[in-house]
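In the two complexes below, chain A is the common chain; its partner is chain B in one and chain C in the other.
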Partner chain A sequence: MITLFDYELSSDCYQARLALAVLGLHYSRVDVEFYPGREHETEWFTELSPLQQLPVLRDEHTTLYDAQAILVYLAARHDATGTWLPRRDPVLVGEVTQWLGLSRALASSAGAARLHESLGHVTDVTAARARAHTLLRTLDEHLWFGEQEGRSWLCAADHPTIADLAVFPDVALSEEGGVSRIDYPAVRRWTDRVKRIDGFVPRSGLFPGGSAAAPWPR
Partner chain B sequence: MTRTQPGLPGRAWHPVASSADVVLRHVFQGRLLGRELAVWRADDGYVNVWENRCLHRGVRLSIAVNDGRELKCQYHGWRYSNRTAECTYIPAHPADAPARTICNRTFPVVERHGLVWTTLEHDRPEDLPVLPERGSQLPLRAVTVAAPAADVVGALRSYDADDDLRLASESDLLLRFDGASGPGLTLLVQPSDATTCVVRGVLHGVDEADPDVSRLTLLRLHNRALNRLRARVESEVGPLEPGNDEPELELVPEELAELPPATRPGRSASLRVRVERKWSAGVDVAGFALAPLTGHLPVAQPGAHVDVHLPNGCVRQYSVVNAPGEDDRYVLGVKREPESRGGSACLHDTVREGDVLALSEPRNNFPLRRDAEHTLLVAGGIGVTPLLAMAQTLAHHGLDHELHYFAQTEDHLAFHDRLAALGDSVRRHCGLDVAATTARLREILAGHAPGRQVYLCGPGPMIEAAREIAAECGWPVEKVHFEYFQNGQEIDKDSSFEVDLARSCLTVQVPPGQTILEAVREAGVTMPSSCEQGACGTCIARVIEGEPVHQDVYLNEAEKASGEAIMTCVSRSASPRLVLDL
Partner chain C sequence: MPTPPCTDPVVLNLWHPLSAVAETAAGQDHTTTLLEEQIGYAWSPDAGARAWRTGATQHQLPTLVRYGYIWTSLGTPPKDLFSIPEYDEPDRRNMNASTIGVHVSAPRAIENFLDMAHFPFVHTDVLGSEPHTEVVEYDVDVSAERDEVLATRCRMFQPKASASSSAGAEVEYVYRVPHPYCSILYKTSGDDPGRKDVIAVFLQPVDQEHVRAHLLLSVLDDAHEDKEIRNFQQSIFGQDKPILENQFPKRLPLDPRSETPIRADKSAVAYRRWLSGKGITYGVIPAGR
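Right after this comes the complex of A and B.
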């Protein structure tokens, strides 16, 4: 049985919920009140997650406390299709890892600006937003040229990977932190595609997507 | 109103997206001169440029759902139609047809040179720059620069993607470069707001056969050059305070600030359409596709009808068959009536493709609820037309429904293609006599349960029978919706009475032989009407005081018994005085 120690408003926790959902895994949730209760600083939680990070995943005898580590573990352990983390393809493994790194950079910029706005975290919000825009510019350029090459996802595969799940939350929620996506049209189209992944679950602050195009009957 | 920035030339039309940006089932978020735009392509290919806000609570429509035919606001589910941006449905008012005045702001659109162009000024001629069309055109990746347009234009003069390009001309935020040996380039600066602009480029004369210069190589080359330019301009200009280009607030337009002009009494026919196609849609049924002479047609909600003004002077009502988002023409189905009084015979025999007809705007007195768990649509003969529009809407929204269609033979079933597209939800009942029809109706209507609604349209006797059976099966009257083709009742016009028009502060006498509608119009009060025989519901008025004598077939028994509404074209008064909310 999988257990997720979860906080609804955390984008790292949302990454884990997305991965569990698209992999079709059953799990139980334990709510950890990050705000205002600061439950992640309690003794019982620190024992689970020494760096007091959310989310924490427990599966049988394994306990993991880092969002990207949890995605890698879930895909490696529970994805029979082998597409979410294509372990046999060294290029794709490299690309996935590179984008997992970008998701952390987004968490400390777009994510930090969002925590500043919504939960009152103290941060240099101007610098955080500027950094987020730099990352989004890079992401938009990558995705735009991807479209030109017939690629829909972050990695050079014809299917989504955990990279898309890791990068999506802080991008899709950026406007809550005052980071508009108006100048990143390719990023906006990619978020539509992520919302159409089979098993996608929305969260508060995010609307579900519409369905993909159907033929026009006349 | 002029919307030019100080120091900028006054071209009205600007590119706001590239065609490739506006993919199906997506809403592009654009910006021009400080105004945000929602740009979306319907499944039929039409590109809409709208103000980026829902009329209801101002939520951005760029996060709405593009369902291929309409935009649905994510906040309270208001739906806006392709092309006209008219609101077609408000979930909080499921029984009502939204008024036509609920219409989002649209901007003119031209798609050309791989770009989507618009202008914030209405009635401006298309002053689009003409780009060379020699060879194939290749739009570049647009690059947003956080600097005023004038600074960006200045920097673009020394654009240095490769040595082949030479600045040939410059005007109106546009720079044209000639290629000495390779493709030429046009760079356009889209002024997003005072501190931001977007550089859009189109290469022309790209030799697609040249293996040395691939499309991607060119795109990457220019993207690198534009990124360099952006870095340079942004570092020169420095950080800018955004938001100092608030859009000018427009004055309230004159037509809204003044009293509307007095309209002529009688039925209006404000639309002109051309018969684009006329075909046999079934035995004795002519299909008509009517396209606007200019501009867009107002959207026809499911259940709506139009008055068709015929060359022989007749005015007839026909339901619009259109599916949601099918807004470039109206599709009507007209059955040849053996005892035609001039309407159907004229449409069948006289009206041809290419003819121009006058129409009223569509009216919806037979609105479709979309909050039912299951909707039954029961059609007899040509009564299928409004129900077909409803079935297509329910199918498009994925709502549970059945369309029961009674006809003489298979060949009498009209609009085969549309029926086929609806698939299993259509149940065909052909060749049944009266007794068998009644028995079948009893089977269909037997399953009343809360959360179900039924809509009936067909010949009078069939609707009568279906309504009786529905009542016997326990359907409450408010869940049984119906529309008659015509009012078969004998209308008694012998009484005389007085009508007080409470809003207009007028009292009019209605003598024998005259209708309330005629008397009201004679007194100078504008009143809409359509069928003028008590079937369509257009000339409804609220009764404040008095006892109406109902002679229409529009209101149901409960509505008639309540005495709160009256059809002014046929109904009269039992009391000497009737006070109407007019």
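Right after this comes the complex of A and C.
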């Protein structure tokens, strides 16, 4: 039985919920109130997650407290198709890992700007936004050239990977941190494609995709 | 003293919320922004609340502690705040669901709070669902004596009206707007259909286009933990947030010709007229400009 220690409004938690959903896994949720309860700082939670990070995933005897580690584990353990983390292809494994790194960089820039705006977290919001724009520009160029080559996803495969799930949340929520996506049309087209992945779940603040095109896979 | 950034006397003389007492570490100084000014505040169980303009600590601002929040004013406020009698009922659970910064003017946020027509589309399968999208006729009254907007007989089919609901039900709402930037709603309680849960939004105007939204819950619920009740409301508010932040213009236009209301907007029409009558200029686009 899989248990996710989860906070609805956290984008890292949302990455884990997305992965569980697209993999079609059943799990139970334990609410950990990040705000205002600061439950992630309690003794019982620190025992699970020494860095007081959300989410935490427990599966049988495994406990993991890092969003990207959770995605890697879920795909490696529970994806019979082997597509979400294509372990047999060294190039794809490298690409996936590179984009997981970008998702962390987004969390500390676009995500930090969002926490500054909504919960008043102290951060240099001008620097955080500038960094987020650098990342979005890189992402937009990569996706635009990919589209020219007939590639729809972050990695050079004809299907999405956990990289798409990891990068999506902080991109899709960036406007709440004052980071507009108006200048990144290829990014906007890609977020629409992610919303049409079979099994996609929205979260508070994000709405489901339109039915303009068939869900993926077609 | 330099001229304050906000020169609207109506707004300067109001009480404004600064923070939930439960989220204010006792005995320490805190700062926040109110009407574009840096305000320091502190609270302790013995000394109560204090507030001051940063850099003018010797000059105390008036304070109140009501409904679990610290309130202050930058002008000459009325003696007391509007009344919420239900708050003192002994079996109610009172708590701050969240204080969240939103890039919107206070009056736009009040209008969203009053609006039922968006429930099926924004709070799908929670506060509304298709095909139950009609906002049936309701009553709006502006009480001259209490100086507040009152909307009654508001009804909506809700799949999941609160943390304590197990099935869909038609829920009746009453809305009060007793303060230009504060509103209170009463909705049929899931636990006790003869009584109503109270949810209030108190908007702290950071500037004309930013607020901190303080969300008070005063509910009848014996079954759920505080965090479950808050989580439900935080998710709802998270759905409203991008809608609020994408409204344009961000300040609320008061000219009746500037936006086109429909019948379901009756309470918003009354609210705008009420604001115009007060001569309010902060956070709005006054008529005729």
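Heads up, the rule we're going with is that the second predicted complex is superposed on the first by the 211 of 218 C-alpha atoms of A that agree within 3 Å, B and C clash if a C-alpha of one lies under 4 Å from a C-alpha of the other, contacts with A are read in each partner's own complex, and residues count from 1 in each chain.
The rule we apply is simple: a contact is a pair of C-beta atoms (placed from the backbone, for glycine too) under 8 Å apart; a residue touches a chain by one contact, two chains touch by 3 or more.
None of these values were measured; they are calculated from a predicted model.
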Partner chain(s) touched by A:G120 [first = chain B, second = chain C, both, neither]: second
Contacts of A:R181 with chain B and chain C, given as first, second, both or neither: first
Touching partner for A:D192 - first (chain B), second (chain C), both, neither: first
Chain C versus chain B, contacts on chain A by residue: B
A:D89 touches, of chain B and chain C: first, second, both or neither? neither
Intersection of chain A interface sets (partners chain B, chain C): none
Complex interface listing, chain A residues touching chain B: 141, 144-145, 147-149, 181-183, 185, 188-189, 192, 207, 209-218
Contacting residues of chain A [partner chain C, same complex]: 8-9, 31, 33, 35-37, 39, 117-120, 175-176, 178, 203-206
Sites on chain B touched by chain A in the complex: 17, 20-21, 23-26, 28-31, 36, 43-44, 62-63, 65-68, 72, 74, 141-142, 144, 196, 198, 215-216, 219-220, 223, 323, 417-418, 421
Parts of chain C lying in touch with chain A, wherever the complex brings them together: 20, 22-23, 96, 98-103, 212, 226-228, 230-231, 234-239, 241-242, 245-246
